[in-house]
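Multiple structures follow.
Shared chain: chain A. Partners: chain B in the first complex, chain C in the second.
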Partner chain A sequence: MSIERQVNLVRALLALSSIGLAFIFCTMLITLSGKNPGEALFWLFYGGFSPALIPETFVRATPLLLVSLGLSVAFSAKIWNIGAEGQLYIGGIVAATLALYISGVPSPIALPVLIVVSGIAGALWALIPAILRAIYGINEVITTLIFNYIAIYFVSYLLNGPLRDPVSLFPETTTIPDNMWLPTVVPGTRLHFGVVLAFLIMTPIMWFLLKRTALGLKLEILGSGEKTAKYAGIESVRMIIIAMLVSGFMAGMAGGVEVLGIQHKMRLEISPPTSPYGYTGIAVALLGYLNPLLIAATSFFLGGIMNGSTTMHRMVGVPVGMAGIIQALIILFILLGYFLEEKLIHRIIGGLRKVEH
Partner chain B sequence: MPIIELRKITKVYPGGIVANRNVDFDVKEGEIHALLGENGAGKTTLMKIMSGGLKPTSGEIYVNGERVNFGSPADALKYGIGMVHQHFALIPSMTVLENLRLGLFDRKLSKDQLIVEVGELSKRLGFDLRLDVPVDALSAGERQRIEIIRLLLRKVRVLIFDEPTSLLCGPEIDRFFQALKQLKSEGHGIVFITHKIREALEVSDRITVMREGRVIAKLKRSEVMDEEQLVELMIGERIVPLPDRPRTPSDKPILIVKDLVVSDDLGVEKVKGVSFDLRAGEVLGIAGVEGNGQRELAEAIAGLRSPKSGEVVFIGENSGFRPSYVPADRVELGVAMSLSVMVNSIIRSIDENSKGRIKALDFAKIGEFAQKVVSFLGVKAPSLGAPVKYLSGGNIQKLIVGREILKSTKVLIAEQPTAGLDARSAEMVRNALSELASKGVGIILISSDLDEILKLSDRIAVISGGRIVKIFERAEFDPKLIGIHMLAAGGYMA
Partner chain C sequence: MSIDISGLIFSAISLMTPVLLAGIAELLVERSGVLNLGVEGAMLIGAFAAFMGAYYYGDLGLASFIAALSGMVFCALFAILTVSLALNQMVTGLAMNLLAIGITSYLYRASFGWYVSPIPPHIKETLKPIDLGALSEMPVVGKLIFGHLPHTYFAIILAIFGWWLISKTGIGLKIRAMGEDPQVADSLGINVNLTRYTLLLAEGAIAGLAGSLLSIGYYNMFLDNMTQGRGYVAIALVILARWNPMLLIAASFFFSMVDALQLRIQALGLTYIPPQLALMLPYLFTIIVLLALGRKVRGPAALARSYKRQR
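Take a look at the complex of A and B:
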């Protein structure tokens, strides 16, 4: 077996065993909260992965996937954009506001424009941290994080003030007219065009970009060291800005697609408080080894867990907070496996081998 | 009884590369033990195991006859075993003293005690360390001395060196060996890995030769007859040097360097007004003690460092032209360690290897070129897809040199091109450089190996203290005179 094969095999085993461990922990927690763990886990999986509910899992996974695809581009270059949450909020508010404003424009023109503009809005939100990092070397983790707070409070102000639907009880915009909704692709489900966009269009595009183009390779080289990148003739300033803008674009688009496809208005809870898309996407990108295809699979899995824990809460009465903890635990264990991987892989592969003398 | 003894050590890396097979090795009190072998033979791996940096897959380690297990280098240090790696483990931005304090780990010493102890050690070994300068500002030789002191502060009895002389020039090598002899007379056991057989014969008491993971010869110094015998043992054949190339450099310059002033990362001026030209088909050797501005000069010509003033002009090329460049710092600069051999073989020509407006990578072309690079100097790699960090030091060097030579170019800057290469590979590289020059490529050869410079160059520029103090024509080559100029006014020899 080639090295690559063995490494992949061990990775897969590690991922599975960390998921296994996470569930063992969850069982303990559910038992502690006085519920029947068997029943709870049944509803967790039923809510996430039973055939009838799979379309909902795709719907849930879509913003997660768009965010993490973008992050995979930035993370390849070791540019740690933590600001997807804010970029998503900006994309969402821009999409909703613009949709209300241009509601007279025919949908085939309006919808693509809205999706792209929400992406651009997210990218612009990432631009200042991008410039600060690329030109002045200011740590992007801090700036993008600060920009999240700015974005969310700014959107919150708009939703409570100038953009608030006057008749609604909640801080949210007016519902956009239905010609501005993304069309449903499978009748009877909520599978909207955004799902197709994320899974069937953006996933392959991002895979191609990262794994098959000069740009993807340059980002990866930059990620493995700025000195080497310079030696290789890579303009790191340009690359850092591209990496940030692409990830901001995807996060903004995730916000836009969620507004146009599902919420049909901009709300403060556009991103679920127990596992916000912008932050969960960071874990998804890492869990998927920055590989768009694995990221799509991981998004689907986590989307299922997110939906399933709501079902578990409703059916068995496991508290919402507990459901949140369980989600977090699953991510935590998988990440733990990921960070231990380098050590474990060497041990395991080294240990399995018999030496021929 | 030996201080440390390795028995039946086997090391299997992930992917099943067997780096050591059933190796026995030991170090005795008061001996200098040379470890030889071709690139990828398993020398570094074995020494890392002996100093706690790697765990053996199987086999046993005994210290003073007692069975031990090293969990980490710190463990090995507790048993008195320490290693100086090829890439020094010092923190560049910190001063020498700070680095020494860090190296104490759990040994408690006040700053004053430390200074006193360092003073005593330096005196015994004939070092004159500057304690309050940042490590960044030091030459390779000085850094090495700090590493030695650092180990001695931990009271080690066995010192292991991985290719300690590969980046040092003649006088610095002599000083290093002086220190080794002193350590030996104090009862320390010393192991050093080297590719320079003459050195092994000069200072060692015992020589162990490895090949393909096995020990194939253990010799006392007195049992060795001559250099050729050892080379043959190491690589299984004799090396016959090729006859010298016809020397027909044109007088047409292809590169003009004028009044060049370059600073290092700390803003210290390292190149202080250098002018020369390079002609097509010429090898211009640059001789000097490491740290006299060679690196900054090379980086400025290669376009990696903007000069403070002065000009670098490639005749007949547009301003974006970048020459081929073999950097001395292979790990930090030359390769992306976590990326594949394939990607690394085109790392400096990505755009040329992609097609269309979207710049899709042309994998057929890349694979073909990578294969060429790998076979050119015989890079030993598990596969083209394997990350470069799986390669031995010498094989990484072969990858870089091969890549830069095979890429068509008019100017090549080769900084320490044969450092870390075994005798055969080094000879192959020298021949390849010669051939390149006869095809009309202009080569700037920067090397600490004066013999190499003397052999290959058409002219030799001596750099000292950031200035070119003299340029010798081939007819005037004289190692002694060149050596004197290397230490001329301004050039430092710490």
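Take a look at the complex of A and C:
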């Protein structure tokens, strides 16, 4: 076997065993809480991956995928944008508000405009942390995190105040007219055009951007160190801002697509409280090795787990906190897998060197 | 509109306690080169553990101890993953926070059942301020600086101790050295992993105690995700304070002034300032100050970099 084959085999085995271990832990927790673990896990998988519910898993995975594709661009440059959650909210509120204003415009023109504008809104929201990092050198992790709180309070203000639907009992905008809805792709399901956009259009585009363009290479060089980037003649200030804007754009677009495709209005619960898209997307991007194709697969998997946990909660009465625990454990065990992977790969390479000598 | 300034300062001193406690602990950890986003989770775990302790044992001292211990266990897990196994500190921290939210909300419902309303479980007594008798009768300042919870004085003493430790002692020099370059520190015979473990365990205990203030100090109940990003705010204040413990006291105080003002605005029920915008103020303040003062701030060079010891 070639080294590459062996390394990939090790990776695959480790990923599977990490997920397996996470589930063993969850089984123990479910048993401790006095529920039947077999039944609970059955509903978890049924809710996430049974054929009839696969379209719903794709729907759930779509905002997750858009967010994490964008983050993979920033993370390649080691720019840690943790602000996707806020950028998603800003994209969502802009899409809903604008859709209500331009509802007279024919949908083939209006929908692309709405999607792009929600992306731009998310990008602009990422601009201040980008400038703070690129020019002042302030850690973007904290600024983007704080911007999440500002965004959510701001959107909450808008939904309780000026943009609230006057007849609704909840803080939410008026439902947008149905010519502003993203069309359904498969009749009888909620599989909307946004799913196609995320999985079949944006995933290849991002893959191409990262793996086949000069920009992708420059981002990766910046990620290996600002000094290296300087020697390579890369303007790090410009690259940092581009990386932040691209990831903000994708997160904003995720919010816009969720509003136009599923919610049809902006509400505070646009991102599930137990596993917010903006934060879960961080894990997805890293678990997918910042490779858009693997990220698409990981989004689908975690989307299934998210839907499955809801089913498990409804059918067996396992408290909703369990969803968060399962996801956290999967992330931690996969991180542990990374650690073992490095050791094993060293051993494989070391072993081959010995053979050569 | 009347806002009494001394009342505002009093609440600011009281409100700054949890962020100052968590902040000083995080500051020392960051000086050693570790970024622990899990401080948010440790506070939440502390808030939950303190409430459970107070609810079932009725003893606030014991509850505080349980909170510190749980925070410590939580950060010990973070230390194993990031120091011993050298996993990515940021992802581990974020995943640990997800775990903390999940575990606390899960256990809360497992203990009190699904329907916790209309009146959520609560405790009868909360933490009491220290009674200093005659001292608080002192004119002007008496009422402001006395009559706070013991935690407040502990937090300020800890910050001053932290400043002394970092800038005046040999241990502080070692901590700073490993924050700049752990490999060099290691080659000089400094035990990097042991020091980082010690600091992280201490941070867990202090952050747990900081969290306990929320559930058994300011409130008498536990709410899902009740820390509301205060741990992240503490990390931001560490940056604002340029990793200097004395400046951290000032940063926490000014942040809490805005927070106190915000609460006052809400209490006054001023209709022209919506509550959501009031809630936004402290976060906005942090960003504005970062924009105004943040030029050329440089943290420890090795911050958030995984360090694997060469054998």
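We take it that the second predicted complex is superposed on the first by the 338 of 357 C-alpha atoms of A that agree within 3 Å, B and C clash if a C-alpha of one lies under 4 Å from a C-alpha of the other, contacts with A are read in each partner's own complex, and residues count from 1 in each chain.
The working rule: a contact is a pair of C-beta atoms (placed from the backbone, for glycine too) under 8 Å apart; a residue touches a chain by one contact, two chains touch by 3 or more.
The model shown is predicted, which means the values in this text are computed figures rather than measured ones.
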In this superposition, which partner touches a larger number of chain A residues, chain B or chain C? C
Per the contact definition in the header, classify A:160: touching chain B only (first), chain C only (second), both, or neither. second
Touch check for A:138: first (chain B), second (chain C), both, or neither? second
Pick one for A:230: touches chain B only (first), chain C only (second), both, or neither. first
Quick one: is A:339 in contact with chain B, with chain C, with both, or with neither? Answer first, second, both or neither. second
Does chain B (first) or chain C (second) touch A:150, or do both, or does neither? second
Contact-wise, after the overlay, does A:319 reach chain B, chain C, both or neither (first, second, both, neither)? second
Please work out whether A:221 is in contact with chain B alone, chain C alone, both, or neither, and reply first, second, both or neither. first
Identify the partner contact of A:283: answer first if only chain B is touched, second if only chain C is, both if each is, neither if none is. second
Could you please specify the touching residues of chain C with respect to chain A in the complex? 35, 37, 81, 85-88, 90-92, 94-96, 98-99, 101-110, 114, 228-229, 232-233, 235-236, 239, 274, 276-277, 279-280, 283-284, 286-287, 290-291, 294-299
Sort out for me which residues of chain A touch chain C in the complex. 29, 33, 80, 82, 128, 132, 136-139, 141-143, 145-150, 153-154, 156-157, 160-161, 274-275, 279, 282-283, 286, 317, 319-329, 331-332, 335-336, 338-339
As the complex stands, chain A meets chain B at residues 2-4, 6-7, 208, 212-215, 217-218, 220-221, 224-225, 227-228, 230-234, 345-346, 349-351, 353, 355-357
Of chain B, residues touching chain A in the complex: 10, 12-16, 18, 21-22, 57-58, 304, 322, 325, 327, 332-339, 343, 347-348, 350-351, 353-354, 358-361, 382-383, 385-386, 390
